[in-house]
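So that you can tell them apart, the chains are marked A, B, C and D in the order they are listed, and the count of residues begins at 1 in each.
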Amino acid sequence: MKKFVNDPRQFVPEMLEGIALANPDTLTYVPEYNLIMRSDAPREDKVSIVQGSGSGHEPAHVMIVGRGMLDAACPGDVFAAPPMDYVYETAKRVASPKGVLLLVNNYTGDRMAFDMGREMAEADGIDVRILTINDDVAVKDSLYTIGRRGVAGNFFVIKAVGAASEQGADLDELVRLGQKVNDVTRTMGVALTACTPPAKGSPLFELGEDEMEFGVGIHGEPGRERRPLVPADQIVDDLLEAVVTDLPYSSGDRVALMINGLGGTPISELYVLFRRAHRQLAERGITVGRSYVGEYCTSLDMAGASLTLVRLDDEIERLLQAPAEVAIRVF
Amino acid sequence: MSGSMQNVELVVRTIARCAVDNEVYFGELDAVVGDGDFGYSLARGFEKVLDEWDGIDRTDAGTFLKRVGMIISSRIGGTSGPIWGTAFLRAGATAGATQGVSGERVVAMLRSAAEGIKARGQSDVGDKTLLDALVPLTDRLEQELTSGADAAAALAAAATTAREAAEATSRLVARRGRASYTGERSRGSVDAGAMALAVIIEQISSQWQAWQTEGVS
Amino acid sequence: MKKFVNDPRQFVPEMLEGIALANPDTLTYVPEYNLIMRSDAPREDKVSIVQGSGSGHEPAHVMIVGRGMLDAACPGDVFAAPPMDYVYETAKRVASPKGVLLLVNNYTGDRMAFDMGREMAEADGIDVRILTINDDVAVKDSLYTIGRRGVAGNFFVIKAVGAASEQGADLDELVRLGQKVNDVTRTMGVALTACTPPAKGSPLFELGEDEMEFGVGIHGEPGRERRPLVPADQIVDDLLEAVVTDLPYSSGDRVALMINGLGGTPISELYVLFRRAHRQLAERGITVGRSYVGEYCTSLDMAGASLTLVRLDDEIERLLQAPAEVAIRVF
Amino acid sequence: MSGSMQNVELVVRTIARCAVDNEVYFGELDAVVGDGDFGYSLARGFEKVLDEWDGIDRTDAGTFLKRVGMIISSRIGGTSGPIWGTAFLRAGATAGATQGVSGERVVAMLRSAAEGIKARGQSDVGDKTLLDALVPLTDRLEQELTSGADAAAALAAAATTAREAAEATSRLVARRGRASYTGERSRGSVDAGAMALAVIIEQISSQWQAWQTEGVS
């Protein structure tokens, strides 16, 4: 296992401690519950926004806590939803008179933990709502699953409700906005390699030198199908076809385009993908109004990428443009 | 099937040790079409149970099992925390304020656990989950006990059934859990949760003999 | 080769085109010279800051062109310094009455190209200065090399002179500042895997499952020595010892601490390293005043990291704090 | 050694083709302790030379070589662009405004090229660079020509020397270029630039025979 790791069981706590040490003025860390929260949360005048999920998707979600985005994140172990206690304790700690919005990626474990956590918090008199995110078009047959997964498109929901909550929106309004963004967001991903969870120490699956996993999930779980590896442009065309036709996005639409790296792919390659996607969208008469290239939601060290589109309107675009300040930063 | 409090403790302890000992194996089972964290999650949760073992409230079997369920669901994340936590909570509720549990009661407890899992997981037999081992093994246990088998024999039979049922899950397509996203590709490998249950019941069955021999009634 | 790539020869141009498409309002791309420049450069009232180097180090330097950082970047092919013509053409295009500052990482090829390019630009009457960056403590014996290499610490020089140039500093002042930052900056890196240049298609060297390359360069060239892989904390301690004792940094110092990913290492692991470095610096009585965790200067898809320290004073800290706006961005 | 303009062109063309054909091999040589881009850089530069071949100013040998040097240094990056560009520029300057170059002149041109490389690279013989092949092969060429060998024989001898010298670089520790950062570890593998030069001179030597036989004097 070629990783920077000490005791694998301490991987998540050590990472969280690192985040806290790097942001002493803005973030508070509560080790008992894997909780990273804004030091100034909860605020009387603002709904608190919380997201939890398994770890291993960094910067999601522990590194996007901050002004204009999350008030708190409570991750579980690598790829495991947080225990319900973490959710409950987090909700208590960020409980604002305006309420708490729990953002949940649509996976069985996450939904159960957040549901149980919400029930417990409500019993304490906290006003809590849950918003489920499910942007992954790779999941075809939702009759036989719990439904589509929440993947990188999650970023846009967080950004939008984060911005609106700073502007004073109430819980109903935030649920409406988050739902609206989720409804116009679609994602599809591809993996070139499997990822290696620290506690497992070996890759989750084997991919041949000439293979890729199309429609992969962000937990290292295999995807829609295994395909021969093709050139970058062809991969983009295939991802785009799946995503564009799903909503569908049509000629005349203005979109946000995200090329998200899955953890082991350098940003140079992501821009090669972005170039093609931008050109092909233009061919389809779709205008890229906002561009996102980098790592937003990863699968540990997996080489791969996902492509997300969000159909923009003035309301959404204004929220995406709003300032924010989080732990992943350049300067 | 003798119903002392000690037997309840021994069974729970065996489950916990089994989860800790098989961390790697259970994780590998989950890695085939899942995300590989099942072994880790289960081990961390039951480790906590063992850590807190002496302090767990033993007023009666029901309380004891419910406390175990709470430790599990507060510590285990993923799908398994809520699922296994619910199973222990429900089993505890059905056990009630008694020191010992009869064979009949054990069957009822397992049925409650299965119902709890179904409700919590919106799942059923045939979805390729641990239910596909739990329900057949409960049926077999009930059948053996009804036809007069002693606890040891009934447990041995249930263990055989559990293993067969767990292995048979490889013919199913997953409709719940992480594995379900791969659709048809989930066929051909066993469900991690079902196989874990088979390993656990086998372990209980073989330990049972030892407990009885050692006179730990 | 598990990469998103089309024709490997088009890798760099396609990446650059992607950057241009993602930043239509702020950046201009000149394909003939691999040139990415601010659309508003040159400005009469501002020295233009330029950096070139081989490609494969992204986000350095093509993705950090923008307000408060570079005015232009002219990369060569992967790991190859740009041809002198690129440097010359770039200098011409960003020539400001206040002059042009060329930042050069200390490698033979880069120094020659920039030197030749500067001579040609000067012949055209452009006021050009060169500042060489050499923060890599891994190079021990500079008698037998061209000297220490410029690696991730480069970021701090760029940030400082970028900020000062926005505030109107003249060429002399920028050279003084850049030199000053370079003089208090030290870096050391470690690789867990080799990287794969697209044109080569296979890893540059082989590292065993239990080996790491200590003191590695950012061009995939092997490092000081091959060592057995050890836990993350031990790696940090060894890097820190090499870096701290070199300047040396002493008790009472206030520093910027950067943990830089080399391209294939997820940010979660970088925070595990950061945590230990922060704690160990505290042990040594050294205060971390500014924290940088992420990818700043990479080696394609290499799994690995480098640790950089900058000794802060008020002047440097003010420049590092100044706002900037570049292509690698979160929102 | 006959000195027609045609021979100059044939030699340059052979160098260019050789660089393009050996892209992978030269890259692999550079990957051992360098960064692996040498083959790529050289191939892209000489590809450009071949692309622009017909349009290159052929007024005289000096102009021709200098133009080639300019194409190279405008297109090749890395260390090799300036180094090889300088070599051609210097050789061209020494060739001067002549249509043909004598054997003696060729030796002088190679000496100028080596001096140019030394100046540009702040390097010398023994630093484990292409100079460690270039200088010995020039010495040998001079020696053979002085003792009356014909061009073919002198080239063949120089090629043998170049190969030996290139192989001998594996005993050296690199003191310049990317390989120098690895210190002692650079010992044991040959220098990419030196070996490339050996391959090139071997190619010229073997082609030379063909050119003469085909009457391309």
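Simple rule for what comes next: a contact is a pair of C-beta atoms (placed from the backbone, for glycine too) under 8 Å apart; a residue touches a chain by one contact, two chains touch by 3 or more.
Source: prediction; values computed, not measured.
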| item | value |
| --- | --- |
| Approximate Å spacing (C-alpha centroids) for the pair chain B, chain D | 75 |
| Centre-to-centre distance between chain D and chain C (centres being mean Cα positions), rounded to whole Å | 33 |
| Mean-CA-position distance for chain C and chain B (Å) | 55 |
| Centroid distance [mean C-alpha coordinates] between chain C and chain A, Å | 29 |
| Chain contact topology (line, ring, star, complete or other) | line |
| All chain pairs that touch each other | A-B, A-C, C-D |
| List of chain B residues in touch with chain A within their complex | 27-28, 31-37, 40-41, 44, 73-83, 120-122, 173-183, 185 |
| Complex contact set, residues of chain A against chain B | 9, 54, 76-86, 107-109, 112-113, 116, 138-141, 144-146, 149, 197, 199-200, 204-205, 217, 219-225 |
| Of chain C, residues touching chain A in the complex | 1-6, 11, 14-19, 21-23, 55-56, 58-59, 63-64, 159, 192-193, 207, 209, 229, 231-233, 235, 263-276, 278-279, 288, 291, 293-295, 298, 300-301, 303, 305, 320-321, 323-324, 326, 328-331 |
